[in-house]
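Following this line, the structures themselves.
Both of the next two complexes hold subunit A, though its partner changes from subunit B to subunit C.
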Partner chain A sequence: MELNQKIRSYIEDNLVVFEDEAEFTDDDNIFKMGFVNSLFAMKLLNFVEKEFDITVENDEIDIKNFSSVSKIVQLVESKRN
Partner chain B sequence: MTNLKEAKCIVWDLDNTIWDGVLLESEKVELKPGIKEILEEFDSRGILHSIASKNNYDDAIDKLKEFGIDQYFLYPQINWNAKSSSIAEIQKKFNFGIDTFVFLDDQQFEREEVASLLPEVETIDALEYAEILKKERLNPKFITADSKQRRSMYQSDIIRNQTELEFKGPQEEFLASLNMEFVISDAAEEDLKRAEELTVRTNQLNATGRTYDYNELNEFRLSENHKLIVCELTDKYGSYGKIGLALVEMNEDEWHIKLLLMSCRVMARGVGTVLLSHIMAEAKKANKRLFADFKVTDRNRMMFVTFKFANFKEVAKNEDYVVLENDLTNIQGYPDYIKVVHL
Partner chain C sequence: MSVTIHVQQHLLDEARVFANEHIFPFASEFDKKMELPKSLIESMASKGFLGANIPEAYGGLGLDQVQFGEFTEIIGKACPSTRSLITVHSSLVSSSILRWGSEAQKEYWLPKLASGELLAAFALTEPEAGSNAAGVQTNYDDKGDHFLLNGFKKWITCADIADVYLVFATNGEKVTAFLVERSSPGIETVPIKDLLAARSSHMAEISFKDVKVPKENILGVEGGGFAYVVNTALDHGRYSIAWAGVAIAQGALDAMVNYARRREQFGKKIHHFQLIQGIIADATTKIHAARALCLKAGEMRDADHEDATMETNMAKYFASKIAMEITTDAVQVHGAIGFTSEYPVERLFREAKVLEIIEGTSQLQQGMIAQFALKKYYSK
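Showing the complex of A and B:
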């Protein structure tokens, strides 16, 4: 599976969304799609670190790096290089 | 033994410990004198009971019911396994540190088996059962309304977790089915003991690791320049108790969150974010800038993520903590599945 698909399906499975039928693209802001609570945030962070074998530093834990599938892909790719 | 942590759970053997006699040999066992009162007393102190006994499960439970004491025991392990593995199972269910368990058994063999595999569990000869009321680590420093209700809160958790496991369908539907209500209020005097207890008991979801004692908290409560906020969560199964605390210093142009913490028991409900959203909305309404102290430890990363994902940004670094600021341009609303009430 592509990086973005993995991330997207994780979000789809775990985010408590505002509207059941909502579909979202890689660029949609997930903070507007659903309620990003502390548990989801932590799970997402753990998922990204484990799945892609990276460590996200404290100063990278930031909304702008996690606000959409594309942003998370960017973060992961920048960490891998 | 004074350096032992306060105990949170007592694990009891049954034969010749809770009752005189061996149930497999004769049904006519009798409760040890005073045992019911002892169970009750610990229960009211907020110390939980469980069982590690080698017996037939149904027979033993029936006997406990007959004696009218079955309700005191959570996650009873009545089987033919080693007692160390029973205690390990109980520990996993409660998610308490293993060093907060005490084990009573009349048989030296069982106590030694537990002591060798779980050296952090304190083992006690059942002969001394009447003496343990006086033990220092079984006399908690705080006895609050929440301690008294602790057993029933854990019993509700058992039902909730079971329902959650069995629930088929999207998580939001499950959450909606709980009818959660999150009550945010200014701390009253009777909340202070629980507030102090929370600052001492909570490590994983504490933003600054600061602890305050009763008198300090009372000063904040009465001070015009501070807001001391407590939160309670309830759902259709009952109350989770007072599970959150925040201290906000209010200055002329800015508010400053000095402390924010949440009990681990409500971690899975994501209410930390709700409390932050509430404080952010209030600050915005009052037209103040909003800052927060944060001390990163190896255990509170989840709280850090909560702040950062609520759009807090680091603006200053002190020796042992950072200062975060939220520009209040983007405040997440509350999720539909939780009703938020401000008192």
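Showing the complex of A and C:
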């Protein structure tokens, strides 16, 4: 599965709205759209670190780096490089 | 049994003996005097109890989540206000520093918190920011070489005795977490007295007026205060409150069993009456279920399971709910004498209520649990 598909799939599994009510592009800010709750920030961080076997340093743990599928893809790719 | 488990079991046994000898017999007195004696806090510190959840590398006892939960139950059963000190000092603040602190911050703060040289409090809630914790109005300005903090916090447990506060403030755009020494000029505290419960938890209001905070005292990143630091802290806080619920419920069950075995009416001990037995049976079953939920949450937390936070929410919701139910029943079993401070059930009844409010109300927990269930158990 492509990187962005894995991330999108995880986000979709954790939406606080149902699939038929939630449409978002890879660039949409899922937190601002209210599609996930505040607890998801920590869960998403843990998922990204475990799933992609990376360590996100404390100074990189900014919600804007996790706000959309594209931003997370950027973060993971930058860590892998 | 491994050496580590054996040592940690010994610590829990020691905590149980300490709680039975030095805390439980005086809990009612603490409640009436509305304070925890300094000597008690010093004794707990000397035993290492203030660093129970801090790794040994930073001077703590290094209990894992399951053991720390059991430790919380031991202290909470003896005295909920003493437990509340552990909740804010260890679960809310030490855990946050452990997760979000830089290595320099961990090395500076954690040994001092573990030894009790410093006591910590968690300064999030404000008059207009309760359940909506992200709506804090306490503000900070970046002054180049330091931050300037202004604002007001309310319902802050241990604020009146703590040496350092974990404070959450906004610059209008971002919410950021700061470690603020209480001795900083511009900080004033006003005790909150005559509460329904948590009377000896040294709860206070805190005002910050042009308080200078060093740049290095940000915890986590600027702007990470709510999404990360608050969520981490409250997750640990909920875990602590879940065990606190089990503790109060077990205390109430112990009290009602002992009363029912001794009290006579209609010529026989009241435990012979089947309606009393029904109350005791329900309480026992609920407590065992709540403790099982707490243990499951603890195991999931130790395993870093992705649903550990949700299991913790369920444990907190259920344990606080059954604590309220069981303390209500415990007063009922005692009858009129249950209204007096002669028996602990009156105090436990009051103490149970606050658990349904703090660290996220029961209604907030229900909302989160329902969101989880509506996704997890839906068949596409």
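The criterion applied here is as follows: the second predicted complex is superposed on the first by the 73 of 81 C-alpha atoms of A that agree within 3 Å, B and C clash if a C-alpha of one lies under 4 Å from a C-alpha of the other, contacts with A are read in each partner's own complex, and residues count from 1 in each chain.
The rule is simple: a residue touches a chain if its C-beta (ideal position, glycine included) is under 8 Å from a C-beta of that chain, and two chains touch if they have at least 3 such contacts.
Values in this document were obtained by computation on a predicted structure and should not be read as measured data.
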item: Touching partner for A:2 - first (subunit B), second (subunit C), both, neither; value: neither
item: Which of subunit B and subunit C A:47 touches, first, second, both or neither; value: second
item: Partner chain in contact with A:23 - subunit B first, subunit C second, else both or neither; value: neither
item: Subunit B versus subunit C as contact partner of A:35, first or second or both or neither; value: first
item: First (subunit B), second (subunit C), both or neither touched by A:62; value: both
item: Residues of subunit A that lie at the interface with subunit B and also at the interface with subunit C; value: 14, 16, 18, 31, 37-39, 41-42, 45, 58-59, 61-63
item: Residue ranges of subunit A in contact with subunit B within the complex; value: 14, 16-18, 20, 31, 35-42, 45, 58-59, 61-63, 66
item: Complex contacts: residues of subunit C adjacent to subunit A; value: 100, 102, 134, 220-221, 223-224, 226-228, 231-232, 235, 304, 306, 309, 368, 371, 374-375, 378
item: Parts of subunit A lying in touch with subunit C, wherever the complex brings them together; value: 13-16, 18, 31, 37-39, 41-43, 45-47, 50, 58-64
item: Subunit A partner contacts - residues on subunit B that touch it in the complex; value: 170-172, 175, 267-274, 296, 301-306, 308-309, 311, 313-314, 330, 332, 334-337
